[in-house]
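There are two complexes below, and they share chain A, which is joined by chain B in the first and by chain C in the second.
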Partner chain A sequence: MRSSTIRTAPSHFARALQYTSPGLIRCPRPCIVAKWLQSRSLTTATAHEAIPLRKHLKDEAKRKKADAKRDGNTASTKPGGDPRLEKWELTVGIEIHAELNTASKLFSSAPAEVLESDNGGTANSRVAMFDAALPGTQPQFQVATLLPALRAAIAFGCEVQRQSGWDRKHYFHWDQPNGYQITQYYQPFAKDGCLVLDASDGVPALDMQGADRLRIGIKQIQMEQDTAKTTNVGSSTYHVDLNRAGVPLIEIITLPHIHSPQTAAAVVRKIQAVLKSVSSCVIGMELGGLRADVNVSVRERGTSGVGSSYSGVSGLGQRTEIKNLSSFKAVEDAIIAERNRQITVLEAGGVIEGETRGWTLGATETTRLRGKEGEVDYRYMPDADLPPLVIGQDLVEHLTSTLPTLPDELQQELQDEYNDAKTLIDLDSGDRLDFFLRTVHSVTAELGMSSQAQIGKMVGNWVLHELGGLLTTHQRSWDDVRVTADELKNILLCLHRKQITTRVAKQLLADLFQRAPAPAARPSVEQLIETGNLRLRPLSEEEYRDLARRIMEESPEMVKAVREKGQKGKVMWFVGQMVRQGEEGTVEPEKAKAVIESLMGG
Partner chain B sequence: MLPRSVQKWASGCTRSLQPRVCTRPFATSPPRRDAIERDANGHLDVGKLLSIPTWSVASLLTPKDQQTPTPEVSSKQLHHLLRLSALPPPKDTAEEAQMLSTLATQLHFVKEIQKVDTEGVEPLRSLRDETAQGEREAELGMEALRGALEQEEIRGTHHRRIRRKAGGRDGEEGEKWNPLRTAGRKRGRYFVVEGGKEG
Partner chain C sequence: MPSSPPEPVGQCESDGRAPGGCKFASQAMRQECVKPGDVLFDFNSPGRGQDVDNVDSSASAKGVEASPLGRKSSSLTAGLHRLNTSADDNVMLSARLRWRVGSKFNYACQREHSTTIRQQNELNAAIHNGSAKDPSLSGALSGRTIAIKDNIATKDSPITAASKALTGYTSPFDATVIKLLRQNGASISAKTNLDEFAMGSHSQHSHAGPVLSQHSRSGVPLSPGGSSGGSAVAVATGQCWAALGTDTGGSVRLPAAFMGTVGFKPSYGVVSRWGVIQYANSMDTVGILAGKVEDARRVFGCLDVFDGKDPTSLSASVRRHAAQRQPLGRGLRIGVPLEYNIAGLAPAVRSAYMRTLGLMQDHGHSLHPVSLPTTRQALSAYYVLAPAEASSNLAKYDGIRYGYRTQGPDASPKSGLPLYARTRGEGFGEEVKRRILLGAYTLSSEAIDNYFIQAQKVRRLVQRDFDEVFTQLNPLLNSDITTGSGVREEQGVDVLLTPTAPTLPPTVEEVKRQSSVESYMNDVFTVPASLAGLPAISVPVKLSGGGDEMVEERDVQSVGVQLIGQFGDDQLVLHAAALLEHIDREV
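Let's turn to the complex of A and B:
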């Protein structure tokens, strides 16, 4: 990135750029930061170099370790290491705002997403007259927005209310053209759901309290409008873009059942994963599609705090709200900072005020945004322009029966059968997993169920590493992959039946990868083997020995190294030479190695 | 008031009786105490009847006998309310005093209205069809969402996911307007706002 782009990016992103691993110098964390910068047209790099998958996974693991180490230095890593935590108990409630995956906005028919014809998205190009709040315009509920909202409610096990209302939340701000936001304050459309977490989601053992699952209650889910986007240019000048005004959001409010910062981050991650799996909200937190507000309070263990209660959970301390957290790490760090601040104040004999606070990336303490006296009076009232929302039970039942597999179920299924498949889940929005499953099923159909685990492992390797490698070498995305599951199945069957060697199989895959897709003539795997004379013609033992002796005669120094110096690793060099010098598709590496070892030993 | 034909029928069949409450089934104000005057033929002078109102909203505006003094609105509260409504603050003390007295009478009016017993009555939110038929028509079920469901497809065979079909919008061909033409201050494709001290 050129330095000029770093200077114009906000400070917290500039700091994020510092934390990149040294290996990826030119494209630091392209998956996250570059996308953000690109979305704001701040980078001129049109195509960044493709990073090999394995390298990327390794770098991510390294970065996570470095982060954990860094955090471990500031807060004690020993379980229950901070002695104050033995006295004070943390309680957190989370409110998540997620942008729904819809074609149009909530109350007008303007497009909710960037159109393909509009490269990058011109500002103020997707604004209906109601979004601009022209006098006399009326809201009109777009029924298609109900589908992703209902799927989200069903995925969290909520009770969908047959009748719900629309209310106005009044406040003045330049990102709210109407002067009020239409939300569902009095009667949300879904209530009383729950989210289930376990240790693999990142919940610390202390929070699990011996159980194997943690249930976080969800108080309600409601639909509401999003505000316009404002960008700060210069000291106090703002640019307003109404494209986002009126886009449908769902607000998911959890009950205060969360008792640690790591659990809170795990809850947000899980909610994002569930919403993505039912295609309710497909834009993640890094791209601004999901935002979290957290409510934090502490109380002495065994007491009932100051007696506050929220929605049935009582005996809590005074809570403060931290608004607009935009990454999982920010959620965790902000809660830790706020918890520490509250404990410090309470131990010094002070009192926590119910205020609204903010958090910036890289800060050590939350900053105060609004005190109680600045509290906004929203003057909630039912919106008279809109009739109540009446949802039919037949629709709810249809969506429940056609709901896609949730991440928990998917992981359970895959874990039972194919251990490697977990890495495939997140790739290419599930397309690669689908390809993997199709291939496995067709291979199993031919070979029988007995070796399913083995088949899964083999197919997993090929789909993840071989195809993945080809994708990066030729800089293609998964959508461009022309190899069909059938072709891969045929290659693997030939390999399994020892009709070809592994090396030949890889060559076949690369060949098919390059060819034009159907309907252009694509030779079948059989035809390719025939024309290339690639079938394995196994050599006899004599022929192996002859070839081996020939190579050993050609390079006596290597023979000496193995025999006398005991460098066993060099045997593989001989194997390589045999494969190279033998005819294509004749030498099998395992047999060659056995022969060489026997010759060496003798 | 009742249509003339009904009045004639009523006066015809019950000439001697006073009009009872059943002839005014929706009335909330008490019936007239004085007898409605009829001339010798039994005709009603409707013009005279309607010339004197039986009730006026003025009865709710001015506090009667100053019995229940309305709670005073302080100057601080007035400024807070004006700020919430984004209305300009009063220019001088005279205007402020006038605002406070208007507010006091308005509050008295509201309190009189609040004296009505609304036990068990659902508040009216908007004028709409509240019959069972109306609710059935307003229900969003499979029929109403059919078009939207057709815009979705299932992707994948073993790992099935839902995708919205691309380019399925009929679009807003008609409404191609430029929202920036409503603004005085703009720069390029953006509206410009000065943040200032308010932040």
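Let's turn to the complex of A and C:
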């Protein structure tokens, strides 16, 4: 494979750009994080995309709030939790099907775009002859569909296989025109990855077992075809729409490393976030872009269950599979229900059957769909029409080097760069971090790159402490902050250029903090300085000395304390007096201190 | 476009009790077209090169054509055809009315005189406009009529594959081979009868009725061979100049041997399969039947083109290598496989075969005994692999989007039948059902290790057997071949010479008495080359004459002998066949 032939498919990235501004003055788009990356030459072919870190953090915060509320409720109704969970351990493995962000279907040049609104495309209007399984048609692997799949595999740290293959999975259904689905059963294209979670992802402390991070193994990722959409219309009519038939999916299979329903939901959320961040899958679970199947088993703690072994993890209980879960909540609730059902069966001396079960949102129990005897034998067979898929190392390297930054990495990089980043990340669902980054970015743009770390420190101080102090004083939440990053930038620039004193800068911030939000009604920083006559008018050396002498004469005890008792700290008292008694915006503390010291010494 | 108002989606109906069958309607279907730039990377697949379809890009650029799925109710057989024709309904109808008329041998599914006329009119118009050269005047096949096995798609007539399952279906596109033939000036004269979905060795398992040979023994008609029996009969009786068939395990070579014609199966992947109904797609090969080797070679020359629509189409580099093969400059080294000397070899076949070997030697070619030890397992492996692939390839015939559909619901829980059981049960003939069941079993999780996987291993051994006897190395296994020698001179052989079938054609009465396994035995000499994807040709040679038994006047007067070459050595095989044909005629 020659790297010179490598092209990205630009058209479908356009969809990732639908991350548009809600029109708030504090939220200019594109997201500053992407800009920040660009400013640091970390741009990639896909870097113009907004990385939804902020949204991710916001969602997390929302979820935590909900969790806390629910946990509170649970605690109140069930003090001490479920004692059965002390005895039984849950084990879960997840299979996630994600629709790839591609221009075409997997094996035909028909467009893959499934519009976000259900009525976005005329039914059966995006169907190539192969998609309708016409006699004599053959699959045509669309190589570009490999790119988002590979980005996902790289993001999950998988080993991309040099050679993989295509297999047919047979079953009859209306949604499957060929009578089989083409998938990668025997040789998936990516193996042995992992997903790393921490408490901020919503993993309960119990699951962390004292560690900072939780590793969930990813067994493999395979590419496969999606099915047609069928809609039941009335009791006896079905509509079949082949637009979705043959759209590329990846199936991500985790190892059974998950031991709580909350962690399972966290895994699905995190997988979605990672897929979005590398633009592999842009349609979220809520819009049907992601679907999950979960495998659930329980075993008595300290035992090896019934000795079942799945994906090389042994000593587990008999598992059941719950198919087609289409929301994070469904994942969590279905696992809770199935866990409780299995424990009840086992405690009553029963045996768990290997079976497929279903779950509907709001239900309290899973329902049996089919048992082992009703299991479909998929008769997997290599597809003789399709040559093996050979992926060159150079392509993998190219995609690795141009991969957009993952949410975890981004946090790490920010923390490495700015001391305050870690604190900022945890505040206000990332809004404060966003504000901080935008301010740093615009100040840096004015002052040049060299002093970025210093600027970061200064801005961090103002965003955390000055704005934080105002929030506390006025008992407001961050959502009510009306100061814009641009205003703070202007204040800090004036301060940095010694056009105003620190004291004036703080006054300006406090002033702007309390003004009305509408942008038109707000005076600019420049106007405030002019109208308040706040610009620094440096005193001459002589004027400093006159002012200092006058204050020293008024307070002979203090002078004595410094001169005779050596209480050097009292010097700052004089500085404070000079700033206060001097005309507003004229006395710079550093200079005042120097003058006092020279007079005391003299 | 459909004349009725378009419906938004396909519609399924049932008896109202439960999810039933589906019927399907669609508005518009995009024409499949390979656009330049679709392929971003050249991964190591066979076949990336020029696109034969450039010539027809204007047609595919039009994009939307009449939908092949345009059906709304079960009573639409006529309507479906109309959807696929624009102005020329009458032409199509007349073509359809010829269904099963054929000839007294029932070789044809449809004849297409009217279609040819229409095509000629279009062509004349194009020439008049200066937009095209007239291939019918200057093409390599100009003025030649070619019959097409009815499992190859032509958009101006229904395609049946001799199955009830495809009732009323007309393909919305031409197979690549059809385009190539027309580009070279040929006219398509008929769609020929076959064993249903090309499964059979005697062309007796056809929904259109059995194909009859012009030969008979004691008044009983003989088997024309199969599954391309209709094509072989059409050539043998002079109904066409040449014919296309398909050869999966011998389906071109066997009828050629039984009908006294030439039957050539090229290397797998040389001729495009786009538009050819799959039976066992890892072995399906479009083949050529003709009266003379030279004619077969001429047709082959027009079809030997890379096709981007067929993912198994051989790459340009392998084709280049084959084209650069130097003439031998010496006599042929002919291999005589010891394992083909089976007890079941009929005396008439044995004596003709021995005589042919002797004749070749007399003409300066050398004979070399070779061993192909896996030959004995090859037939079993074939009858595991081919049905397995068939069970998969035929899963699409569910009656929803096209083809035959049973009356009423097809998945009522009360009937206790799985989805589509009635439609498929009624649509497929006995032999097809037998192979689907066989294949579904050998792929099942309990049986796959003992059958499908074992058979794949045997297949690899068969291929290795062949690789060990040829002077030429296998270009698919030796990547350095394009740069270096690729030839082991003074060891190995250039071609293998074997009988095509172990017996003379049986009578249709005998065929009826045969068990399936006995019937499968006819393929014992043709199947190994199919498993290995090698080029092979059946050439008729005279019965030895002075043998023990007198041959009736109406009985066959020839025996088929088969030449097999290394993968990609199609031209050498044709060359050897022409020599053999010449020598046999001289005698």
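We adopt the following convention: the second predicted complex is superposed on the first by the 329 of 602 C-alpha atoms of A that agree within 3 Å, B and C clash if a C-alpha of one lies under 4 Å from a C-alpha of the other, contacts with A are read in each partner's own complex, and residues count from 1 in each chain.
The working rule: a contact is a pair of C-beta atoms (placed from the backbone, for glycine too) under 8 Å apart; a residue touches a chain by one contact, two chains touch by 3 or more.
Predicted model only: the values in this text are computed from it and were never measured.
S.K.: On chain A, do chain B and chain C fit together or clash when superposed?
M.R.: When both complexes are placed onto chain A, chain B and chain C end up clashing with one another.
S.K.: After lining up the shared chain so the two structures overlap, which partner does A:Met129 touch, if you call chain B first and chain C second: first, second, both or neither?
M.R.: A:Met129 contacts both chain B and chain C.
S.K.: A:Thr237 contacts which: chain B (first), chain C (second), both, neither?
M.R.: In the superposition, A:Thr237 touches chain B and chain C alike.
S.K.: Check whether A:Leu437 is in contact with chain B, with chain C, with both or with neither, and answer first, second, both or neither.
M.R.: After superposition on chain A, A:Leu437 lies in contact with chain B alone.
S.K.: Counting only touches as set out at the top, which of chain B and chain C does A:Leu395 meet: first, second, both, neither?
M.R.: both
S.K.: Applying the touch criterion given at the start, work out whether A:Gln140 contacts chain B, chain C, both or neither, answering first, second, both or neither.
M.R.: second
S.K.: With both complexes superposed on chain A, which partner does A:Asp82 reach: first (chain B), second (chain C), both or neither?
M.R.: Neither partner.
S.K.: Is A:Asp192 touching anything from chain B or chain C once the two structures are fitted on A? First, second, both or neither.
M.R.: Neither partner.
S.K.: Quick check on the superposed pair: does A:Trp174 touch chain B, chain C, both, or neither? Answer first, second, both or neither.
M.R.: Both chain B and chain C are touched by A:Trp174.
S.K.: Using the touch definition from the top, say if A:Asp377 reaches chain B (first), chain C (second), both or neither.
M.R.: both
S.K.: Once the structures are lined up on chain A, find the stretch of chain B hitting chain C; candidates are 96-104, 150-158 or 168-176.
M.R.: 168-176
S.K.: Where on chain A do the contacts from chain B and from chain C line up?
M.R.: Shared contact residues on chain A (touching chain B in one complex, chain C in the other): 104, 109-110, 122-125, 127-129, 132, 134, 143-144, 146, 170, 172, 174, 179, 230-232, 236-242, 377, 379, 384-392, 395.
S.K.: Show which residues of chain A lie in contact with chain C when the two form their complex.
M.R.: 1-2, 5-7, 9, 104, 108-110, 122-130, 132-144, 146, 168, 170, 172-174, 177-180, 230-232, 235-242, 377, 379-381, 384-392, 395
S.K.: Flag every residue of chain A that touches chain B in the complex, lowest number first.
M.R.: Touch residues, chain A against chain B: 101, 103-104, 109-111, 116, 122-125, 127-129, 132, 134, 143-144, 146-147, 151, 165, 170, 172, 174, 179, 230-232, 236-242, 277-279, 377, 379, 382, 384-395, 398, 404-405, 410, 429-431, 433-434, 437-438, 441.
S.K.: Of all residues in chain C, which touch chain A in the complex?
M.R.: Checking each residue of chain C against chain A gives 8-20, 22, 24, 26-35, 38-46, 68-69, 152-153, 159, 161, 166, 169, 171-173, 175, 273-278, 281-282, 308-312, 388-389, 391-392, 394-396, 398, 400-402, 418-420, 440, 443-445, 448, 452.
S.K.: Mind pulling up the chain B residues that touch chain A in the complex?
M.R.: Listed in rising order, the residues are 84, 86, 123, 125-126, 128, 135, 138-142, 144-145, 147-149, 151-152, 155-164, 166-169, 171-172, 175, 177, 179-180, 182, 187-196.
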